[in-house]
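Please see the structure below; I have some questions.
By letter and in written order, the chains are A, B, C, D, E and F; residue numbering begins at 1 in each of them.
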Amino acid sequence: MKEFTHIDEKGRAKMVDVTDKGETKREAIAYGQIKLKDSTLERIKNGQIEKGAVLETARVAGIMGVKKTAELIPMCHPLLITGIDIKFEFENATTLGIYATVRTTGKTGVEMEAFTGVSIAALTVYDMCKAVDKDMVIKNIKLLKKTGGKSGTYVRENGE
Amino acid sequence: MKEFTHIDEKGRAKMVDVTDKGETKREAIAYGQIKLKDSTLERIKNGQIEKGAVLETARVAGIMGVKKTAELIPMCHPLLITGIDIKFEFENATTLGIYATVRTTGKTGVEMEAFTGVSIAALTVYDMCKAVDKDMVIKNIKLLKKTGGKSGTYVRENGE
Amino acid sequence: MKEFTHIDEKGRAKMVDVTDKGETKREAIAYGQIKLKDSTLERIKNGQIEKGAVLETARVAGIMGVKKTAELIPMCHPLLITGIDIKFEFENATTLGIYATVRTTGKTGVEMEAFTGVSIAALTVYDMCKAVDKDMVIKNIKLLKKTGGKSGTYVRENGE
Amino acid sequence: MKEFTHIDEKGRAKMVDVTDKGETKREAIAYGQIKLKDSTLERIKNGQIEKGAVLETARVAGIMGVKKTAELIPMCHPLLITGIDIKFEFENATTLGIYATVRTTGKTGVEMEAFTGVSIAALTVYDMCKAVDKDMVIKNIKLLKKTGGKSGTYVRENGE
Amino acid sequence: MKEFTHIDEKGRAKMVDVTDKGETKREAIAYGQIKLKDSTLERIKNGQIEKGAVLETARVAGIMGVKKTAELIPMCHPLLITGIDIKFEFENATTLGIYATVRTTGKTGVEMEAFTGVSIAALTVYDMCKAVDKDMVIKNIKLLKKTGGKSGTYVRENGE
Amino acid sequence: MKEFTHIDEKGRAKMVDVTDKGETKREAIAYGQIKLKDSTLERIKNGQIEKGAVLETARVAGIMGVKKTAELIPMCHPLLITGIDIKFEFENATTLGIYATVRTTGKTGVEMEAFTGVSIAALTVYDMCKAVDKDMVIKNIKLLKKTGGKSGTYVRENGE
């Protein structure tokens, strides 16, 4: 049976020792959604100016958030991130999709970094739009894919 | 029609000027869920030791995350947070609920702080358990309630 | 003769005690320039897409930098910034102007915050363009105006 | 024609992917000036006590600022800085020169780190002296030299 | 019987709610010692140049550390610190004393800020000298005095 | 005679250049104590709920503090920490011992990281308990062991 690697033998949290692991090339892609009123999404989508500001600000925030992961998540190892890409997709009239791809060469994976990128980008979209829409919901933040490392490749199967 | 307060007249992001707003007592409650395998939740829930570590670590991370909100969300105003409470609820065999209540006396509301608390707590639960469950999904992060300030009280109506 | 307020009687650095100062409404406007190759500025200026990215990223970085001032400048007092606005101006074929306006109600002024906003925005422009132009120069960072506080209003006179 | 490496094909900011670049030894030297009243510079220069405090505080701030570069500049890659040196030079009666030398072994260069070191050191000098001189100007922040990496050595030619 | 104010009714950590507390003027003085080899202290003490560097660097670090308290100590409330003073005393041939005085007007006290100032200054002295002395010991960090707030004045009685 | 490696030839602080040092596996163990009233320690120790909260919060804070070392101690090099473990020991009726073990593979040692972990954990215990005990003293923070690097293994001999 797999073990919780962040819990030591007495149930105390610790940062897993990865000193002896080798460095491998790693990538993780996380995804999430924000559900908004259609009028809010319309204003982001069609208003060329506003769109630039909302999504561009959220993208910058997400990228900077990725770099703060080890500072935010207690047991995360610091890593030298070598690539970050945050993308938005208008999925339907009320749903904005967010994708964060993170890459590194290191001893541990970057899924938490990708998750953090999606989360901070989503929170920033909420913040930019909350004056006109307080009902937004951040949904379905999940790992899409993960490569590199001893545990090998993970690809989420269809649906949730 | 309401305006995007973080976008100036030319569509450029700016931090809204609240210099002349009065200080009022404010509270916000945000909520979110993590969906896990029942075996993962069972290990968190029944294992007295592990539960302490996972949820306690997530609680501390969430509280510290609340205090970092203005550093993470570009247009957020810094605030002197005066109270933070993060609670977990085992909603069913595969769902963990997270509640963050944040209070301050200040010129702007604390909904982003409450959202950030829920998000960082959720990411920490993911991080603590990801060795045994990579399929977890963070869901339905939303504002439950907000009081104080000129815009008055917001209470989310039933359902989403 | 005026005294260096950050230096105590024995020449040691300290954070000036402002405990007994009253809170007043304060504003500071700082300014700076970046000198670039005309081809670089042209690419920022005319390329609608690139322009959005370079200046929008620099604006977000500048706003976030303002909020980090007390963390960067050792003797600066933490302040609850209530408004930040960063503007860019194409001054001539090779010069980009940057203006940062910062507001607060507090016990000390916000000129360092405005300076930090200009500096971080300028560094970000440099970073975004350095692949095509390593000769850029950041120039003439200075205080344009300062209001509020016991020392009263400061307005820079013409020229330097 | 060279491309803006931080802008992706649709004009969106991203952190350039350097995963596959090799690690090389790198150094960058940046430079800048502060123009002060001669009486201000005299007080820094001749007052043995004050000089220690102003320049030593600025040096420490500059070194700590270098280490914060990837947190301040959105698209900068985190790097394990292996050496930082900040030097001051009294260039003439009203001009203080600042040099920052930064070294690492890594996948990207350290010019932004050197620029940040000069900028934060300059801002700190301004902060330490602003009670006696609000007219100071930070000038001519530029890259003097850069070695290592695929793009090879850059040395600024005489003058600007 | 007094209660642990950071522990809620079920033993879970939370940030104590101080929303309804009034703001009062507050001060705290913390103290600590470093025990070094006499040759190490001699080098700090007599070497005019080195002394400047070691203690001045430690003082700047301590002041910056004070401002980071709420980021380091999970349940600490953020405060607008209004004054910080770090002093060193050569107590005897092998002992360096450190005093941190912190002031604010706020809803909670600043003893943790004063403690953090002493601790970070002490760690910095250790770091600056560890190449010549690995046996240093940081000792007797304690609260000397605390004024302001509902709990009134605390003054440590003689000795420990 | 050994030299202060953080002080350059003119007595100015600098970050030691380790660019050309090789990477070796490194470990450091630091230790410290808190002296509390026996009633305070009893409440931490026997109260199953409170114990979880106090020590678990302190452990998380200590681990996160380790990762902030290079941000807190001016001349410390950033390192990719690969393992952190914080342990508490009830030494006697009034003394809590704290051990921090830190590991990395890098160019410089991790003793400052271990010291920072002990210090932040101790400060957090103080913060959690200060409502019931203001007389606590943090004592005897020292290096127990250090391995790796050119200077070889250090083991503290018996006693102080």
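As a working rule, a contact is a pair of C-beta atoms (placed from the backbone, for glycine too) under 8 Å apart; a residue touches a chain by one contact, two chains touch by 3 or more.
If you're wondering where the values come from, they're calculated on a predicted model, not measured in any experiment.
**Student:** Going chain by chain, each one touching the next, work out the least steps from chain C to chain F.
**Tutor:** The fewest steps needed to get from chain C to chain F is 2.
**Student:** Quick one: which chains contact chain D and chain E both?
**Tutor:** Where chain D and chain E share a partner, that partner set is C, F.
**Student:** Suppose chain centres are the mean of their C-alpha atoms. Which chain sits farthest from chain B?
**Tutor:** Chain centre farthest from chain B's centre: D.
**Student:** In terms of C-beta pairs in contact, which of A-C and A-D ranks higher?
**Tutor:** A-D
**Student:** Mind checking the centre-to-centre distance between chain E and chain F? Centres are C-alpha means, answer in whole Å.
**Tutor:** The computed centroid separation for chain E versus chain F comes out at 16 Å.
**Student:** For chain D and chain F, what's the span in angstrom between their mean Cα positions?
**Tutor:** 31
**Student:** Quick check: what residues of chain B touch more than one other chain, meaning two or more?
**Tutor:** Residues 12-13, 52-53, 56-57, 60-61, 64, 68, 74-75, 79-80 of chain B touch two or more partner chains.
**Student:** On the basis of the stated criterion, which chains touch which? Give every pair.
**Tutor:** Contacting pairs: A-B, A-C, A-D, A-F, B-C, B-E, B-F, C-D, C-E, D-E, D-F, E-F.
**Student:** Okay, in this complex, where on chain A does chain D touch?
**Tutor:** Checking each residue of chain A against chain D gives 25, 56, 59-60, 63-64, 67-68, 79-87, 103-105.
**Student:** Going by the contact rule set out above, which residues of chain A touch chain B in the complex?
**Tutor:** For this pair, the touching residues of chain A are 2-7, 10-13, 32, 35, 43, 47-50, 52-54, 56-57, 60-61, 64-65, 68, 72-76, 111-112, 115-116, 119-120, 122-124, 126-132, 134-143, 146, 154, 156, 160.
**Student:** Please give the residue numbers of chain F that touch chain D in the complex, ascending.
**Tutor:** Going through chain F, the ones touching chain D are 8, 12-21, 70-71, 74-75, 77-80, 106-107.
**Student:** Which of the residues in chain D come into contact with chain E in the complex?
**Tutor:** Its residues touching chain E are 52-53, 56-57, 60-61, 64.
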